[in-house]
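Structure provided below as structure tokens; questions to follow.
Chain naming follows the written order as A, B, C and D, and within any one chain the residues start at number 1.
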Amino acid sequence: MNYPIEAIRNDFPILTQQVHGKPLVYFDNGATTHKPRQVVEAMEEVAFRYNSNIHRGVHTLSNLCTEAFENARQTVASFIGAHNSHEVIFTRGTTESINLVAYSFGETFLQSGDEVIISGMEHHSNIVPWQLLQKRKGVVLKVIPVLDNGQLDMEVFRSLISRRTRLVSVTHVSNVLGTINPIEEIIEIAHQHNIAVLIDGAQAVQHLAVDVKKLDCDFYALSGHKLYGPTGIGVLYGKEKWLNQMVPYQGGGEMIQTVTFEETTFNELPYKFEAGTPDFTGAIGLAAAVKYLQNIGLQKIHAYEDELFNYAFEKLQALGNITFYGTAHIRGSLISFLLNGIHPFDAGTLLDKMGIAVRTGHHCAQPLMERFKIPGTIRASFGLYNTTSEVDALVNGLVKVRQLFG
Amino acid sequence: MNYPIEAIRNDFPILTQQVHGKPLVYFDNGATTHKPRQVVEAMEEVAFRYNSNIHRGVHTLSNLCTEAFENARQTVASFIGAHNSHEVIFTRGTTESINLVAYSFGETFLQSGDEVIISGMEHHSNIVPWQLLQKRKGVVLKVIPVLDNGQLDMEVFRSLISRRTRLVSVTHVSNVLGTINPIEEIIEIAHQHNIAVLIDGAQAVQHLAVDVKKLDCDFYALSGHKLYGPTGIGVLYGKEKWLNQMVPYQGGGEMIQTVTFEETTFNELPYKFEAGTPDFTGAIGLAAAVKYLQNIGLQKIHAYEDELFNYAFEKLQALGNITFYGTAHIRGSLISFLLNGIHPFDAGTLLDKMGIAVRTGHHCAQPLMERFKIPGTIRASFGLYNTTSEVDALVNGLVKVRQLFG
Amino acid sequence: MTIQEVQQEIVDEFGMLTDWMDKYSLLIELGNDLDGFDEAQRTDQNLIEGCQSKVWLHAWLNNGQIQFMADSDAIIVKGIVALLIRVLNNRTPDEILQSELFFVDKIGLKEHLSPTRSNGLVSMIKQMRLFALAYKAKMEK
Amino acid sequence: MTIQEVQQEIVDEFGMLTDWMDKYSLLIELGNDLDGFDEAQRTDQNLIEGCQSKVWLHAWLNNGQIQFMADSDAIIVKGIVALLIRVLNNRTPDEILQSELFFVDKIGLKEHLSPTRSNGLVSMIKQMRLFALAYKAKMEK
């Protein structure tokens, strides 16, 4: 495949790091991805050339910065296929995006006894906000079970739907199992019952083509830092029809039209949901990341990562005496596994000594760990800059781990 | 005064910008400050050397990043004089900090009919969160009036306190008038009645020495981007005793201890209030900004800015036919005024043509504009890199504006 | 003169002014010369609230042509308002709807029509077109 | 041997191992050799939950000295646990309270005692000291 891996790796200075005297092999992309020079430079350009508080300023820097910020929104909108850029709200990340919906949709549309459906493979960020809502408003939380193969039990999903169901909130790609959920089907079923759907896209946008218009989802959440962009910035896509009706989440500058002590009217979308000075530098950095991906070509990246995934899966399988979590063929670019008889913490610790970074533990998905009765997994998650020789290093590292255990 | 203004200006590459062919004169520091190289470099170092998701990782980069993040918290804690670094919560900015308190303190301690006192000179970010709470919980909002001289009417403040008052939330320094409020006195009075006090420090920390321990305030909010730090990061200081009791604001990864679908227990401070991947890059950038200020010397900076302020005030006064808002001698480093008979938008537009950036308009304090029956003001707000010759440029610019109006 | 021609005329007038000071002097003059509303006419109904400045706009039909009256509290905005009226006043709804406003751009005042400028001008132009649409519908009935 | 001396002994033993592989081999060996808890002993009361691994700790007083028993589900953690027990077992509360643990640092395992490591070890050491405090108070009564 014609994939400029050399050039790409050169864009990520961090990859030349040595860890414990060994070249860094970074397979913790599911936790956070690294940032190419282009992203750092875009943010540096803001700081050194036109940094200024956006909106409402009459001076030149303020106008330049506002324009760059709104262009960033446009870039993100077209990246995820949003109808309108005012349906793109900048947040701190997926977690805040979900909390925003849980609060504002919850306050506006949910009554005690209404039901929200999530799944058994959700990240804590798509569990706890609903539990907080449950506590505050008496909303009922229902959970789609996870099958042994790491897929959702769609039969049970259908049966969970009732006349009180108001929202379904599920992850697009599981951060533990890699499972790509059939969200088209979930959305279709939900919409047949007039139920809104929120998709947690934290692990999806970096590995799959996402088109919210085609998906027809009501909300879509993502994090910049998992998409080769900056920390502290994320996105909530929401359909205008919902966002317009929803009560604001936070109050403050920019999200208002007029304020008096008697009555305050709110600004139009997206500003209604962006209280306070937004992280315009982060948003511009995120847009630079999106452009970086688009420049390489999303399809190319996805194909490359698929190859890498397949290569890694075969090699790991060949190791033997290894248990995989999640089925192989419908996964995003990550593999969760355990070396039989070896605690993931031990494996992770020893791999680190060899310069190899994987994530071990419960991956903020404790209910899923409970489900599989394991303390955690070893997760290798791939990014666009990883290579097959890095996979080899991982496999060799695991062999060494085994040796150490005698 | 021995103030290394040349060296300082060299740290801010943006200051060498040309605007409309004229050298940039940036007096919009109240809206946002510029970032020195040192801050940008610290963030670049994260991206290029140890970027990695923090906490709970067993690999080296994750540990390095976690350590840097927690050191940043420590740096900020000692900067504001917090007892414990776990009383320092990273937020997106002042607006989010205040919303956090409005929600979590509100949910935990406020009942319908309970009262919150704010002031007539608050930024929308310290008004609207309370109005949202008012709407949701039936809390009563009371307002300390602003006197003609731009100070709070402390007599009325005392009389507003009732047995139902639970919280006082006022700004340390007015972003419009520059007034430095007597928050020590406000805190003392409130505490005599067992009322908690939140201080909006967005306009204070960059110009005054702040010691939350000495102040004994219950909460203190600030924004990184107004303190020569990055956008998208801010701080809520809160006393342990409150934070421990308060319900969480957002739910998600890192703020929990254990999650099951039946019951979730929350993590200890500060993590309980930091759901989701925090903006560790931003936090580390903010710490770099604080260290930058400490390196120059806070007292030196404050003294320099006071001189600048006095110089500017005298020069502007000498212009004549100008109306100032706020009294002169108890102000932070900003001046709000109007050229009599000239709309602030017109003045701001024309100044911009001369390369001079001021903020015009209502400054997100519409009730205060109503109070003074003006559409807005021209605000020149000073930063540590401004010079007297820039003040001269502003004064000459205003003279030209007048000429244009014939 | 057509809308096109009036716009060209304005472009030519401003084209002679190379200095921004001269341009803005002219704008201020135009703003001062435009008859404003008296307090009573500055109703909430006429108001277009920008974040930085206010614009008031009033329109009525006269012999199949639309007449505009407008005002602003900021003089530069009022100057641009005066130009907009000069271009669009006494036109049929169709003329207005088919027109394309290029002169603001051409005379270097584009920034004032940025949606983030929030001086009320963008909304004012939108409102002028809406009036044209409304009167067109009325006339067709 | 005093606590100090045992620590020095450990430092010397590990000092001979220059390669990280040898060090961790030894830790794994120590972990494997330490008698663990059987399921019944792994009670919630004994549990110290780290985010990555669990530690169980049990303590009792025997002739004025504290006896510790501990376990972990991760072998490396258990190896370090074994070392901690070797150092602190059969000591009086005062000995424990006055001791300073330096050996973990010295043998290059400092990272495992970082508060952000969340493997349960930091809490375990805290808990061992708390036991010492508690038994001291009990003995003084």
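FYI, contacts are C-beta pairs under 8 Å (C-beta built on N, C-alpha and C of every residue); 3 or more make two chains touch, one makes a residue touch a chain.
These numbers were taken from a predicted model, which means no experiment stands behind them.
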(request) State the chain with the largest centre-to-centre distance from chain A, centres being mean CA positions. (result) C
(request) For chain B and chain D, let me know how many angstrom lie between their CA-based centres, rounded off. (result) 47
(request) Using mean C-alpha positions as chain centres, tell me how far chain A is from chain D in Å, no decimals. (result) 39
(message) I'd like to verify one number: the distance from the centre of chain C to the centre of chain D, where each centre is the average of its C-alpha atoms, in whole angstrom.
(response) 80
(message) Which positions in chain C are in touch with at least two other chains?
(response) 51-52
(request) Would you mind listing the residues of chain B that make contact with two or more other chains? (result) 20, 56, 58, 258, 345, 348-349, 360-361
(request) Pick one for the touching-chains graph, please: line, ring, star, complete, other. (result) other
(message) Touching pairs of chains, all of them, please.
(response) A-B, A-C, A-D, B-C, B-D
(request) Write out the stretch or stretches of chain B touching chain A in their complex. (result) 13-14, 17, 19-20, 24, 26, 28, 31-32, 34-35, 39-40, 43-44, 47-53, 56-62, 92-96, 98-99, 102, 107, 123-125, 127-132, 136, 141, 143, 223, 225, 230-233, 247-248, 250-256, 258-261, 264, 275-282, 345, 348-349, 351-352, 356-361, 364, 366-367, 370
(request) Would you mind writing out the residues of chain B in touch with chain C in their complex? (result) 20, 342-346, 348-350, 353, 360-362, 375-376, 400, 404-406
(request) Quick one: which bits of chain D touch chain B in the complex? Just the residue numbers, please. (result) 49, 51-52, 111, 114, 116-118
(message) Quick check: in the complex, which residue numbers of chain A touch chain C?
(response) 54-56, 58, 63, 66-67, 70, 257-258
(message) Per the contact definition, I'd like the list of chain D residues that touch chain A in the complex.
(response) 20-21, 24-25, 28, 51-54, 73-77, 119
